[in-house]
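Next up: the structures, one after another.
In the two complexes below, subunit A is the common chain; its partner is subunit B in one and subunit C in the other.
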Partner chain A sequence: MRRSVFITGLAAALVLGMGVFGTGRKGSVTSAQEKTSTMEVKIDNFSFGPVTLTVPVGTTVTWTNRDDIPHTVVSTDDPKTFKSKVLDTDEKFSFTLSKAGTYPYFCSIHPKMTGKVIVQ
Partner chain B sequence: MHPFDIKTVLFAKHAQHVVLIHFPIALFIIGVLFDFLAQWRKQPQPLLAAAAYYNLLVAAIATVPVVATGILAWQWELEGQKLKGILLVHLVMGCASSVLICVVWFIHRRSRRNQEEVLLPGYCLPVEAVAVVIVALTGHLGGFLSGVNGPG
Partner chain C sequence: MSEKKKDELLNDHNHDGIDRRGFLKCMAWAGTGAFCVMKGGVLNSYSMSRISEISTADMMGELSFVQISDSHMGFNKPANPDVAGTLKAAVDKINGLTAVPEFMLHTGDISHLSKPEEFDTVDQILKGAKPKDVFYVPGEHDVLNDDGKQFLERYGKGSKGAGWYSFDKKGTHFMGLVNVMNLKAGGLGTLGHEQLEWMEDDVKHLKHSTPIVVFAHIPLWSVYPEWGWGTDDSAQALAYLKKFGSVTVLNGHIHQTMQKVEGNVTFHTAASTAFPQPQPGKADSPGPMKVPAEQLRSVLGITDVNYVQGQHALAVVDSSLA
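== the complex of A and B ==
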């Protein structure tokens, strides 16, 4: 009788422990995803898409050049918050926006190409 | 942006190159055309030859600000970073085009100084033809880079 109570208790403890451990892991994965969330802006046909991107603080924005010709990604503020090198086709540029605010940017080779990232 | 906003036009960091480049291209191609017409006919064509010479002269002069503004655009807008791909090809071909335009003009100038009647060396027209092809290809790449076919 005592033995069966002990085994039942042990099994219950194991199940409970696994449940707590699993929940904890799930929670930690979610928070890691939040911290390293990325958003993509596609550069194609002489335009940024989406033109305006709204993201939470700490998001990494990745610009990918899908156009046939080179482009850059340069913030319009001074000093520049971010400035990429010349991106050839399929090259990427990433930047993590850690402060809230509005970040307008453009392509310095084609100044008519503009976009905006709103960090909330 | 207002089309007659002088400040914007003058201080746009790479707009001048895109504007100025049309002058040497047009002058050089027309100069070569005049030269071809002047040499093609059996009778001397001093007026056409003179027109060719002065077109080539102004084209050669016009290459100076074009090369300067192109290099400034590279240094200002791209902060002189190492170029590759189409931009590098455009830079190399642009420099080659400028040198060829000046060489063609120099051949004409030397021929005019040496003789009363202008008689160009036999290699002049082939050099001019090669130069026209290089200039046209450079211009094509420049148009491609500037996005003349794009929506903007």
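== the complex of A and C ==
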């Protein structure tokens, strides 16, 4: 069961990767304005790393859970800008931040785990 | 210093070699087990190795029940690749107790990922236990993705709000609380306003002599807030129980046994049936603690509780699965 989930995660990462490489090949289709980059946040030992991530508008942030215990990634605003399903070991969650601002977030299972993304 | 003193016992009545300073350390020492009797707010402890010296009358109360916790069905990492096997061992342990417990309490994290098949497996295994009634409260792992809807459908019949309820058994009042919902960023476990109001109302008409047993997943005392091992509004909940002579609080979540006595309240956390967690602050995080396979069952366990009517005594016994 977990293996299939992991493979799905890998496939998603591959698609994402192809998308990024694809902008080169299909430059005429994707304008420079729509070009996105990806930034990573790793979850290790019940903490987000980096705790604060600063990215340009339009960046896709991908969180990867590397703990033995499941976690979530949930923004603290209301209504919530982003809210992942539960992430088991090695599962990922991606969200594209298209508006400037500060987005504090936490793990709704272990609320002591907090982080933020600054989009500018 | 005064804070520390509250944790200490006044006397070593039973000459078991556990002095007042050593007591907490002993209780936190997962796997050794201890037998505890509370009389008039004073807790006597016996180490499991001397349990044969305790009279049967002290152990067999008029009400006995067993607490299990943190089954984490679905967990399959090296700390314990067979959580179904260790839950079955817990059931065997329960079935081997001298006094058949009248019922079981499960203090949450029944499942690891809130999957239907995980709950089904636990239900199936617990059917093999002699006590047929199981009273559940959810852990944070039981309410993933659906705000606890599935948990309520399975285990919450007749409960209020997110799944809290109370019931009476042989003169003891039991309260199952939910402190794993609507957790706030940076915070600890939460009972919430609605549940606190219900609690106040629920105990209003009880006699002060009524023994109270409160059970919830996350500890209702501050075990180690840095790891989220506590409940933000537990002080309010405990304030409603101040008038009672005997209050026992049973929790899970921290996968190790720990005990503390504060005034009329005895706090107790149970071992997990799945995997141990490190002592507070003794690791980088509260993640699963890996121990050699042959030692695993010595750090997992069940908790057996006996109430002796008229003696104001509540005995809490932790047994490892080894």
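By our rule, the second predicted complex is superposed on the first by the 86 of 120 C-alpha atoms of A that agree within 3 Å, B and C clash if a C-alpha of one lies under 4 Å from a C-alpha of the other, contacts with A are read in each partner's own complex, and residues count from 1 in each chain.
Assume a residue touches a chain if its C-beta (ideal position, glycine included) is under 8 Å from a C-beta of that chain, and two chains touch if they have at least 3 such contacts.
On a predicted model such as this, the values are computed, not experimentally measured, just so you know.
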Fit-or-clash call for subunit B and subunit C when the two complexes are aligned on subunit A: clash
Touching partner for A:62 - first (subunit B), second (subunit C), both, neither: neither
Which superposed partner A:76 touches (first subunit B, second subunit C, both, neither): second
Touching partner for A:94 - first (subunit B), second (subunit C), both, neither: neither
Touched partner set for A:106, first subunit B, second subunit C, both or neither: second
Which partner reaches more residues of subunit A (counting touched residues only), subunit B or subunit C: C
Stretch in clash, subunit C with subunit B, out of 60-68, 78-86, 204-212 or 258-266: 60-68
Subunit B and subunit C footprints on subunit A, overlapping residues: 45-47, 69-70, 72, 85-86, 88, 108-112
Interfacial residue positions of subunit A with respect to subunit B in the complex: 45-47, 69-70, 72, 85-86, 88, 108-113
Complex contact set, residues of subunit A against subunit C: 2, 45-47, 67-70, 72, 76, 85-86, 88-89, 104-106, 108-112, 114
Subunit A-facing residues of subunit B, complex: 12, 14, 77-78, 81, 83-87, 144-147, 150-152
Residue ranges of subunit C touching subunit A (in the complex, touch as defined): 76-77, 79, 112-114, 140-141, 144-145, 183-188, 225-228, 284-288
